[in-house]
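The following blocks contain the structures, represented as C-alpha cells.
The same chain A turns up in both complexes below, where it pairs with chain B and then with chain C.
Presenting the complex of A and B:
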C-alpha cells in the first residue's frame, strides 16, 4: 500500500520533469536554426509550394498568418500525451512515426541488451573479485582494467574498434571467426533470429507463451555482429561496476557485522554470498539501473560509427532534418523510460535495504 | 636470596583452565614498519569466571581477543611460539575450517559497537536463526521458538514480534542485547566481550553488565571482558590483567588490583579514575601516550611515562614476579621483588629475561 502511494506521488512529481524535457526539446526544435521546409523542398521550391507545405506542417494558417508558438506547443504536447505521434516529415515522409520507431527498435534493444549483459557479466564479478583480493596484484590488474575501460571514451573506442576489426585492420580475422559477419552495418540476420514456428505450437495453454524457435545460425550471426559495438557501449558501465563493486565489497567485508558473523562461525563463502553480497548491491544499484537506459536510449555515437540501423542513429538524422514529429516522439520515449527507471530504482532500494522506507514520517 | 622464592604460582587450581594463553605474540607487518601489537601475553580463564583485560586505547586488548578468535588477517599474524589452548586443544595449529568449528559454539564474541555488529539488511531473527543453524543444527519452527526464548532471556520484551524487525529498529542497548542473544544461540563456553558497553550510555551500560552476570550464572559461562574503563572492570571481573603497549604489566584478583596496585602503571590508572580525591586536587592523568611497539621489548615500555623509573628501566625488560601476599598477584616491574636491593632486582629480571625462561614457559611444563 505504501509503495503504491509512493508510486502515485512519484508519478505526479514526474509530470513537471516530463513537461520540462518536452518544452526544452520543443523550443530547440521550433526555434532552432534549421528550416524543415527548406530541407524538404530543396532550394528551388516555388513560393506556392512553400506556402502549402507550411500550412500542412501547421506553421501558418491557410490565410497566411503564422500560427503562434504557444498554439503549436499546445498541439505538440497534447499529441504526445495522447500518444498521437503523427507522421515523419523527412526521414520517410508520410510514414507513421510509430512504425518508424518500431522498425528501428530491435537493433537498439539488441545492442542495449548485450551491452548490459557484457557490463553485468564482467563488471559485477570483476568488482567482487577485486574487492575480495584487495591490494594484491590480481586486484590491481582487475581494478586497473576497470579504470581503463571506464576512461576510454566511446567515440574513440568505437572508431578504434571499427578500425582494427574491418578489412585490413589488425583484428580483421574477427569477421571470419567461426561464422562470417560484418562489423559495421546491420545484418538481415537481426530481423530473422526467430522462425515463425513456436516452441509450444499446438500445446494447449503453453501455446500462449509464444516462445519462438530460434534460427541458430542467424542468432549466432546477430550475437557475434553486435559484440564489438555492445562492448564499446557497455565499457563505461563495466568499468564503473568494477570500481564501485570493489569499494562496496571492501567496505562490507571489513565491517563489524562481518566480524560478528565470523565470530558465530559463518563460513567464508556464506559471508560473501549472504552478508557481503546484499550490502554491496546497495551502491551498485544506481549504476546497474543507469545501464538499463542503454537498452532504449542506446547511443547515437556507437550506432552512428557502427552504422547500426537503430533509434540513436535515427534520432541523430531526425535532429539534422529536422524531422520534428520523429524527434519529439523519441524524446518523449527517452523521457518516459528514464523516469520509469528512476522510480523503479527508488522502489527497488526498499527491497534491498530495509533501512530505506518510502514514508516521509516513520517513527 | 634465591630467585625461586619469587616465582609466580599460577597453578592455583586443580582443574584445567578453559582457555590458556601463553606467550601470545601478534604482529602486523607492513612495508613501512612492524607493529608488535601483542607481545608475550599469558593468562588463563577457568569455567564460570570473568577475566578482565584493561588498558588504554592501543594497548593491544582487542588484538588479543581477535587472536584468540583466529580473526587476525593479513598483514597481521600470530607469531610462532604463541600458544592458545582451548579445552586442551591448541588453536594456533588449527586450519580455517577447524577454527570455524570453535567460533560460535566454542568461543563467542561481542564487539564494541552494537550499531554495526548486526547486518543491516537482515532481520534480527534471521541472524539469530543463522547462528542456531550453523552451531546447533536447529532450523524451521524450532529455530523461531528458540530465537524467541533467547531474545526473552536477554531481556527484550515482545520478543516474537521483534524477531522480524531489522537492526535499525532496535535501540543501541537492545541491539547489544540482540548480539548477546545471537552469541548465546551458539552456546559457547567462553564469551569474549570486547568493550561491549563502551558505545552505550551509563544506565544501559549497567543493564548490560547485569545481563552478562546473570547469563554467566545461568550457563556457567566464562567471560573475557575487555575494556578501558576501570569502573566497569571493578564491577564485573573476578581477575584482572592490566595491559600496556602489548604486554600484561600486572595481574591480580579484582580486590588486589584496586586495593593494592603494585605496578606504577596500574596505580596511575586507578588514580586517574574521577572520584572524591579528584574533586579536591584535580584529576591525576598519565602524561604522554602509549608507544607503538616495533621491536621486541628490551626495556620497560612504560618507563618513559613512569614516575618511579630509574636508570635500569630503559635497559632491562622486566618479567613477571610475585608481588602480593596472596597468590596470583604478579607485576612486571623492576621495582619488585621489593625484598631485594635495586641491583639484585635488576639482576633477577635480567637473568630470567635473557635465559628466555620466563615464568610463562615454566608454567606450561
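Presenting the complex of A and C:
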C-alpha cells in the first residue's frame, strides 16, 4: 500500500479516536458534579450576577432557559477544532487561553526535550553496554539499576532531588557548580536563551527576518537548571530503554547473521554498530515514542515539585479551579499531540524496519 | 451439547476415567486430611482478621457498585434510585455489623496477646503492660516477626496443597504446570517477586496487628484514646491523650525529630520514626498498604476481565469488531491517564461517590477503565494467534458455541500472558494512585485514611533535615512493591514461555510514568 494512502487512512481513523477523547473530557467537565459559577463568584453572589455569568458562560440563554447539553457540546467541539480556546475563567480571569498556553509552553517543551535527550543518552548506551556484557557483574549493576530506576515514582524522585539539591542538602553544591542556578522555580534565562540578530537591517523586505543568536550564559543556566527535573521525568523511560535495549542486543547477538558476520571476519566494532545496534533499535522505537506519552502526564508532577511554570502545573491549577476552558484547551492539545505521535510512530516503523509492511502496523 | 463429545474423546485418548476429585480424595483421604487439618488450624487462629477484612471489602464494593446503579437509575426514575439507596444502606449496615463482630473475635497473633504498648514504672524501671515485661521495641519486634513467619508459612502451605494434589490425586503424571513450577524454582528473580508480594499482602491483611499502634488510635481519632507514660520530671506515671502525645513527638527536622527505631518521650516505640504531625509512620504505611492493595487489586482485576473478554471477542470475530475495539481503546488512552485521573478525582472531590473506600472506589474504576487498553493491546497478539489455530477451527466446525470456544480453547492460552501484563501494569496503577494522593487537594485517597503518596508529601520539606525518614521510607515502600511486581511478572513470563523475552507491549504496560 502506498504510504500516502495509508497516512490518509490513519488520519481518518484518528477522527473517532479524537472525538472519543474530547467527548469523555467534555462529559467529565460539563456534566460532573462541579459548579463553576460558585467557584468564580464565591458564596455571596447576587442572583443577578449569577444569571449574568451563566449567560456569559453559555450555560443558560438570555431568556433564562438552560442551554441543552448537546448544544454546549457542539459549541465546545467546534471552538476547539477551530482553535478558538476562549478566555480563562479562574486562573487569570479574562486572559485568552491561547496566551496563557503560549506563555507556559516554553518551560514544558524545554523540560520535555531534555528529558527525552537525557533518557536516550543514558538509556540506550546503557542497554547496549549491558547486553554486550550479558551476565557479568557490570551487566547486573546496569540492568539492576535500570529496573529500580524504572520502579521509582517520578514525584518521589523529584522530592528527593529537590531535597538533596536545595540549600542544606547533601548535593547543594550543585547550585554553585560552574554557574549559579536555582533548583526550583523558573529562571528568567529560559525566556532569553536566544537573542535576535537583524542581519538584514536596512535591506527592504528582508528587514523583518532575524537569526537567533544563542545567549551562551542564559543557555547554560537553562540547561543546568532543567537537568535534575529532566532526569526525573526521563527516569522511567531510561529504565525501559536499558531493559529493552539489553534484551534486543542479546537477541540479535545470538542470531545467525551476526554469527555469519563473525565467521566472515567482520570486526567487532562493525558488528556492534552495523548489525547489532541497528536491529536493537527496532524494539526500542515504541519505548522512545511511549516516552512522550509519559512526559505529558509526568510533567504535572515534576513541574509541581520543581515549581516550574509549565503546562502541567497550569493544568493542575486549572483543574482545581476548575477553569473549564483552560482545561479543555490543554486536553485538546494533549490529545492532538498523542494521536500525532501514534501515527508517526507507525509510519516511522516502516522506514526503520523494511520487513514491516503497512498492513502489519495496522493491526 | 457438544461439550460432552470432546470430553469423551479426551477420555478415550488418554485412557483416564473422568472421576471427580472428590471421589479420588475419598478413596485415599489421608494426605488430604493431613494437609487440610494444618490449613484449618492456620486459618482458625487468625479467623477474625480474615473474616472482618473480607466482609468489610465486600461491603465497600457493594456500596460502590450499588452507587453506580443508583446514578444510572437516577437518569430514568427517581423512585428506583431511592429504592437502590435504601437497599444499599440496609445491606451495608448489616455487613458492617457482621464485620465488626468478626473483628472482635480473638486471634492468636494480635496486639492483645503480645502487647507492645506499656510504660515504665521508674526512670530505669521495668516495663508494665508489655508482653512479659519486655521493652516495647522487643515486644513489637516479636509480634512482627511471628506474623511474618506465620504469613510466609501459610503461603507455603497453600502451595503445598497443590503439591499434595499433584502427588496423590492428580490423574495425569505430567502437565505443563509442572514445568512452569519447575522453571520458577530456578528463577531467583521471580521468587523475589513472589516474596515481595506475600510481604505486602501480609501488610495489607495484618496491618492493624503489625504496627506498634493502630490507625484508629494513633491517626483517625487520636483524642479519644489515652496512654499512660512515665513522666521523668515528676517521677510519676501519668496519662495523656494520644493526640497530645503526638503533638510533642513531631518529626520536623532539627531538634524536633523522632527517627526510625527510636522511642518518643512517652515510651512509644516508632520502627520508622514519626510523621511531621507526630503520628507513627509505620502504622501510617501499613494503613496505606491496605488501601493501596484494595484499590489496585480492584482496578487490575476489572481491567484484566475487560481485556480478556474484549481480546477474545476481537480475535475471534476480527474485522469490524476488532477495529471498533481498537478505536475505543485508542480513544480511552488518547487522554493521558494521569490527566484523566486528576480530572475525575478533582470533579468528584466533594461528591459522595468520591467518599466510597475513602475515594478509592472511583479511582479504581478510572484505573480499570484506563488500564484495559494496554492489557488488551498486549494480549491481542496471542489471542489472534490462538484464534487461527486448528483446534479453534475444529471446534467451530463441530458446532461449538463461540462462548464455549473462547472459554475452553482460547482463554487457557492467553491467561498466562494476562497474568504477566497484569502484574506489570499494577505497578503503574500503584504509582498513579500514590501520585494522586501526593498531589492532595481532594485528589487521591481522602485524609485521614493513610496513603503512601501523602506520606511522601508530608515529608517533602524535610528531606535534607534530620527527619529525612518520612519521604524516603514511604517512597521506598512504593519502589520495593513495584520492583517486586515487575519481578513477579518476569518470573511468570519466563515460567510460561522461556523462549520469548521482553516482547513488545510490555513496556507500555509496565510504564511507571507518574
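Assume the second predicted complex is superposed on the first by the 336 of 363 C-alpha atoms of A that agree within 3 Å, B and C clash if a C-alpha of one lies under 4 Å from a C-alpha of the other, contacts with A are read in each partner's own complex, and residues count from 1 in each chain.
Rule of thumb we're sticking to: contacts are C-beta pairs under 8 Å (C-beta built on N, C-alpha and C of every residue); 3 or more make two chains touch, one makes a residue touch a chain.
Keep in mind that what you see is a predicted model, and the values were worked out from it rather than measured.
Superposition of the two structures on chain A leaves chain B and chain C fitting side by side, clash-free. In the superposition on chain A, A:275 makes contact with chain B only, not with chain C. Contacts of A:261 after superposition on the shared chain: chain B is touched, whereas chain C is not. Using the contact criterion defined above for the overlaid structures, shared-chain residue A:104 touches neither chain B nor chain C, since it reaches no partner. Once the two complexes are overlaid on the shared chain, A:224 sits clear of chain B and of chain C alike.
Of the two partner chains placed around the shared chain by superposition, chain B is the only one that A:352 touches, whereas chain C remains out of contact. Looking at the superposed arrangement, the partner reaching more residues of chain A, out of chain B and chain C, is C. Overlay on chain A (Cα): least separation between chain B and chain C is 13 Å.
Those residues of chain A whose C-beta lies close enough to touch chain B in the complex are 255-257, 259-268, 274-275, 278-279, 282, 352-355.
Within the complex formed with chain A, the residues of chain B that make contact are 69, 71, 96, 100-105, 108-109, 111, 113, 116-123, 127, 130-131, 134-135, 166, 168, 179, 182-183, 185-186. Listing the residues of chain A that touch chain C in their complex gives 13, 16-21, 24-25, 28-29, 32-34, 147-148, 150-157, 159-160, 162-164, 166-170, 172, 235-236, 239-240, 243-244, 247-248, 250-251, 283, 286-287, 290, 293-294, 296-298, 300-301, 304-305, 315-316, 319-320, 322, 327, 331, 334-335, 338-339, 342, 363. Those residues of chain C that touch chain A in the complex are listed here as 327-328, 330-340, 342-344, 346-348, 350-351, 380, 384, 427, 431, 434-435, 438-439, 441-442, 453, 456-457, 459-460, 462-465, 468, 471-472, 474-475, 478-479, 482-483, 486, 501-502, 504, 507-508, 510-514.
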